[in-house]
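Worksheet for the structure shown next.
In order of appearance the chains are A, B, C and D, and numbering begins at 1 in each one.
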Amino acid sequence: MTALPIILISLVAAALLAAIRNYRLSANLNVLASLVSFLCAIGLLVSRPANNQYLLIDDLNIVFILLNTFVGFTTSVFSASYIAHELETGRLTPGYLRFYHAMFQLMLLGMNLALLANNIGLMWVAVELATLTTVVMVGIYRTHEAIEAAWKYFILGSVGIALALFGTILVYLAARPVVGASMDAMVWTSLLAHARGFDPALLNIAFVFLLLGYGTKVGLAPMHAWLPDAHAEGPTPISAVLSGLLLNVALYALLRFKLLLSANPGAIAPGPLMIGLGLLSLIFAGFMLYRRRDIKRMFAFSSIEHMGIIVFAFGMAGPLGNFAGLLQMTMHSLTKSAIFFSVGHVAQVKGTQRIADMGGLTETHPVLGWALVASVLAIAGLPPFGVFTSEFLVVSSSFARAPLLAVLVVFGLLVSFGALLWRITGVAFGEPRGPTGPVKASYLPIFAHLSLVLIAGIWLPGPLVTWFQHVAALLG
Amino acid sequence: MPHLDFDIAHMLAGMLVLASFMMLYQDRLYALLRVLALHAFVLACAVAWQARIQDAPGLYVTAVIALGFKAILAPWALHRIVVRLGIHREIETVVGIGVTMLAGMFLVALSLKVMLPVTAHAEPVAREDIALALSVVLIGLLVMVTRRNAVSQVVGFLSLENGVDLAAAGAQGMPLVVELSVAFSVLIAFIVTGIFLFRIRERFDTVDLQALDRFRGERG
Amino acid sequence: MIAALAIQGLQMALVLLLAPLLTGLVRKVKARLQRRRGPSLIQPYRDLRRLLGKEVVLAENASWLFRAAPYIIFAVTWVAAALVPTFHSGLIFSWTGDLIAITALLGSARFMLALAGMDIGTSFGGIGASREMMIASLAEPAMLMIALSVAIIAGSTQLSTIAAYMASSAVGLRVSLALALVAFVIVALAENARIPVDNPATHLELTMVHEAMVLEYSGRHLAMIELAASLKLLLYLSVIACIFVPAGLGHGYGIALLGWLAKLAVAGLLLGIFEMSIAKMRVFRVPNFLGAALMLGLLGVLLLFVSQGM
Amino acid sequence: MIDLVLACILAWLVLALCGAAIAQTRRGTALIYGCSLLVALVLLVTGAAAIPAGVSRETLPIGLPWTGGHVRLDALSGFFLIVVGLGSAASSLFALGYGRHELQPQRVLPFYPLFLAGLALVVVADDAFIFLFAWELMSIASWALVLAHHRESGNTHAALVYLLMASFSGLALLLAFGLLAGGAGSYTFDAMRLAHPPPWVAAVALILALIGAGSKAGIVPLHVWLPLAHPAAPSHVSALMSGVMTKVAVYGFIRIAFDLLGVPDWWAGVLVLALGGITALLGVLYALMEHDLKRLLAYHTVENIGIIFIGLGLALAFDADGLPAAAALAITAALFHAFNHSVFKSLLFFGSGAVLTATKEHDMEKLGGLIHRMPQTAFCFLVGCAAISALPPLNGFVSEWLTFQAILLHPNLPQWGLKIAIPADGALLALSAALAAACFVKAFGVSFLGRARSPAAAQAREVDHCSLAAMFGLGAICLLAGIFPGVVIDALAPVAQALTGAHMPSQIGLDWLTLVPVAQSRSSYNGLLVFVFIAGSASLMAWAIHRFASHAVRRAPAWDCGFPDPSPMTQYTAGSFAQPIRRVFGTVVFSAHEKVTMPAPGDTAPARMEKSIRDPVWATLYAPIAGGVARAADLLNNLQFLTIRRYLGFVFAALVLLLLALALWQ
């Protein structure tokens, strides 16, 4: 059993999808491919392959891979029903759909590769691939806004990428004297093994570049500017993938490099930097939520907010902090993609993304409306959903150690909660507004995600916990 | 390593920084493109020289890419775009040239200061090269920030990327350099062949980013 | 046991019997001071008999509450009066309620009376009820403050114990007690609808409070309410007597009884003189008047809390 | 024992699911409420049995993986389980009738049992996670119930404010627990009990607990959500929120302040006393200014919470000064009042619910004369009014009397803060009690007495038997708890013992069932005798008069000093009733002022009188916060509309700054 299939499947699927004209067939194929790669990921759980110079499976990234492939699968299911509607309304043409599906698989390929890579160079290439594919996906509607969003995303993204590459090179430079001028100097496993001998000064500079470079893709303020528009203007499945997966991938990269730094005694502690950026993003996004008129853009900002919390948690580190970070990350990508699924259908019903044109959803579309309410409550960190657990851990564990920071976090949480609650009350309750036609929604993905989050909120399975704890220990 | 090799490598890197400064100085589009070509040419030389002194054949490929793609193809393509889109030739800069130059100076100083504490056992070539590469990157970013129109920003980005390449080449025996530079070239190809510019061409009469920004979500 | 029960019974009978007389006395005093002969002392008894004999004229929309209220009001007041040591401290049932409970009992009487006032739905009833509650909202806390300061001094809220303590020499002269007495007098005036707060003798005036509430009552109902009113007056005077001039209590029934009667007579006299000597206030100056009482009471308590010596 | 409680909670959760499933069906309502009633009764009995019985605990495989879900049933939890069980039983019974008029049962039935489950779970939770989990669950469920009639104006706003404040309280408690748990994250209450934190930690934790629990209980100035949310919910839910949920919040405070934190400092007592006193007075004043029946009741909840916290503050003060007996008296008074309030407040909300079903009105100015149309409801409501106004011989008086006794108990505490705070609270308590009486004369008099002010009120019909049964039941409890207070006090002895290390002397044995807090010579009260005497003498008198004097009755038009007015509009309204008190207190507190425009003689225009009232808390605390957030949002929002170049500028700036920092750091 090796990790290769995950990559290959996507590759092959992409090639096929580029060829197939019939969009139903291609949609189903898309779903199938995603499902198979998810199964492969589960296979990895069963028997873990040996690592080589290029591919790596360890406790840390297997979490991400599973999550990635799972959400990829559910998203493909959702996208099947979504694009059908897009075709009816004529926003997309079959020609574009071929492109769309192919790109979808390439995107998954890029992300999975980035997660699997045992090689900082390979990882960088993969992240770039993911970026490029998502860029064209964002621009696919070819409206003014879409193009501008894509352009913004592209420019900021490529600058970020460039900075990340510079950082990567610096890491290599730091590693070379110790590991020797060979491929090993770019391989995670050997890097980690020798990290303590690296030149701290170089590592520091490298981390600054990597933090900003990959942080741009994580969507941390002040590098966040691309994220809201990309979420708002792209097709909703892409928004779901962006929030649910791409941010995680970038975050994963950051964590990897954080490992290097924390393994090196001389280097600066990465904690404070991450805490600072995290708090900034959290509070900034919290305030930005209030003036949003576009529902997808609003939830994009909520993603920034949550990335802030997660980065903060990892910055606080410690067994509790890291555990909370991992949990929060998992829960966020499940919940947020669920939100985007329901929002996508809502937007299709209402024919717009303007919040002002939505209202009384629980009256007109009870299932959809309550699903949306539930997922928003979940993302706001209320029980019985999983985010509550993680935020509980973040706040309580950090208050004992750094009261002021915890108070700031609480402040940010309250601010953003106020905005989300205000909006969702308007959308889901009160007098119905906007078109109230029936909707051909695929509830399966939504409820799959929600039930997972619900279960996690009440009871975390033992293996998962020990595994998270192990990773948390890894992250120091 | 022989002293001469080091000097030449150092000199080439320095020239790259110089080219970046020229870029900062230019306020006319065509001239800017020429400087870009020069910039990429210097880079090619630097990389080739590194290939020679590190006798890493892979680097020659990078050098060739730099020469062919960045020094010739990209400037030419951008030139075509400028002509076809009839972009007005002056680049309106945000702040005066003088201030920009000063900022550039400051950036160079900063990068040197940052790189200084790197301990000696990363041998001098690497250290100096990285320091200069860092300043090239920063100046490239500065160009992007201080120029208003898209083409000049793309130019800025290219120079930034040249800096990264310089660093990669300077990092002795770095594997995957070729792959990375190829991947990067793809990125640039994306920009320069400019699906976006063409799409934008369909939509806008100008590639001035402010025109782009007029269609910002949530306005109105 | 039997004796104790008998004394308790005697007390209840006495207060019931003496209450109208006291009212008559006050009226008489006022009349004399106005150079009128005035009605005879037993006039209130005659009024009561007449009222009891008459048929009741009920407004059409009077509810059961309107009819039940007079009996409840009377009973509550009577029970309260039965708990006050008049001529004998340590009545067998005196521990049924302390000073606070007595205040609260009178509160329940007022509650019912105000509701009865609102039952018919006339503007006068409303005026009466609303003003009564406004006055009470200041008088009752004042009363409780007095109770607090007295209780702190005597270490008990139990009237018998208080009286015993006050009679003993341990009291000495205390500022708080003086404050309490002044406050108590003010409260008593307000609670019994006397001048300057209210005028028991008026009708058809927008200044009336108590009379406005009972405007719709007639016959036996009115009799009950009048009786309750005079009981209340008697009660307040006896409480003042047993707290502030406990002399005579506990020197055998005869002396105590005579002492109590004397105190009542003096109090009635003073009340009459006082009522004659000042004018009635405007309604919205009453709050200041009562607020003063409340402040005095609170001041007394604070003094006690702050230093035990005063 | 605890397993039984868990079973009840589980049953309620299952019922919630069923509720979601069968809400639309014809029998759904009856089924859900009926089952909830049964479960509630079981819970009630369990709680009652748990108080004398010792501690019983259980660890569930849920919650935080490495801690597990700890639940624990001790005397305190047992007592509050009684409150929860009684309240939920009564409201379920009431809802059996009331719920039939619900237009959208699917918006109520799923959340009602969930709410009950949350309430019960908070009380038995024994680690921070389960506690907060249940705490927030309770908030969410009630939030959904507040939104049950989300299309009525103002309800969505109420729900918004409510959940916002709820999560604020949750976060405050979270911080408190985080502090107590320490960096290692030992979240079980047992660990916290053993953890003797340093004084400043204890202090901060106590203040946070006061903020967290207080804002859920409705302490001024954190009460703003309460008068909005409680009335918005269906009446049986309002009863639960006002009668039970606020008590569960009180439980939260008691659990942290008395159980987890150990012996407090004396200033804690001062703090709680001050807040309690202010809350009591402001609550009743708000209520007096209010003419919406349900909102008036909600404000009275604020007042009574204040009274409860006065008791708790006294207990803290006595505890700090090492006077366990006194502390026991104070906390018994507080708990007793909590119980009483849960009873009569539920009763009153049921009454308002009955009025609502009968007239579709909860604005008092449109009611009146209901005593003729719905006599039984009127009677129960009257009992509730008398009880909440602390009139003997009902239960409200007993608990307030006990609080007074506690105030009187130790005038000579060493600290000056307490020397001032305790008597001041005495005055505030007395004032609020008197004002409460005034307020309920207004409430009952305007809505039930007099003449009907609207056709709806004139056509009102008596409500169904289930509702009446619930009301009469609670009314009976008001009376019984009033005339047999000894029973309750003895039942509370183990709780007081557990919290303060002492308990009040046993009451049951005393002759005539008298209530003697400390000593016969000091103070005593006998509700039973008072009741018997009043009833006896009243009926004796009535009998005697009807027997020997006259019993003739003639119905005639109202006399009204000779010129009665047929129009019911000439009656005293709630507004006019409150006018004197508004003049006396309102001008100071609410800067209330009236503007009378009297037309010139001969002018036929109607005279007008406008009154304006300003909510001091909202104006001085919440409006600025809201404004601040809005301003900040507007300010930052500009960052959404920059050019790409500027965004690049941010990245550039960040990079340069970090490099600079690095350069300086090295």
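FYI, a contact is a pair of C-beta atoms (placed from the backbone, for glycine too) under 8 Å apart; a residue touches a chain by one contact, two chains touch by 3 or more.
None of the values given here were measured: they were computed from a predicted structure.
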Centroid comparison with chain C (C-alpha atoms), farthest chain: B
Between B-D and A-B, the pair joined by more C-beta contacts: A-B
Euclidean distance of C-alpha centroids - chain A vs chain B, Å: 31
Computed distance of Cα centres, chain D from chain B, in Å: 69
Whole-Å gap separating chain B and chain C, where each centre is the average of the chain's CA atoms: 99
Approximate Å spacing (C-alpha centroids) for the pair chain C, chain D: 35
Junction residues of chain D - those touching two or more other chains: 640, 642, 644, 648, 651, 655, 659, 662, 666
For chain B, residues contacting two or more additional chains: 114, 117, 141, 144, 153, 212-213, 216-218
Touching two or more other chains - residues of chain A: 151, 155, 159, 163, 201, 205, 228
Touch relationships between chains, expressed as pairs: A-B, A-D, B-D, C-D
Chain C residues within the chain D interface of the complex: 52-61, 63-65, 71-72, 74-76, 78-79, 82, 93, 95-98, 100-101, 104-105, 107-108, 110-111, 114-115, 118-127, 129-131, 133-134, 136-141, 144-145, 148, 151-152, 155-158, 161, 203-204, 215-216, 219-220, 224, 283-284, 287, 294, 297-298, 301-302, 304-306, 308
Contact set on chain B toward chain A in their complex: 114-115, 117-119, 121-122, 126, 130, 133-134, 137, 141, 144, 153, 157, 160-161, 163-164, 167-168, 171-176, 179-180, 183-184, 186-187, 190-191, 195-196, 199-200, 203, 212-213, 215-218
Contacting residues of chain A [partner chain D, same complex]: 151-152, 155-156, 159-160, 163, 201, 204-205, 208-209, 211-212, 216, 222-223, 225-226, 228, 268, 273, 284, 287-288, 290-291, 318, 320, 360, 362-363, 366, 377, 380, 382-384, 388-389, 392-393, 395-401, 403, 406-407, 410, 413-415, 417-419, 421-422, 425-426, 429-431, 458-460, 462, 465
In the complex with chain B, residue positions of chain A that touch it: 119, 121-122, 124-125, 128, 132, 136, 139, 142, 144-145, 147-151, 154-155, 158-159, 161-163, 165-166, 169-170, 172-174, 176-177, 181-183, 185-186, 199, 201-202, 205, 228-229, 232-233, 292-294, 297
Interfacial residue positions of chain D with respect to chain B in the complex: 640-645, 648-649, 651-652, 655-656, 659-660, 662-663, 666
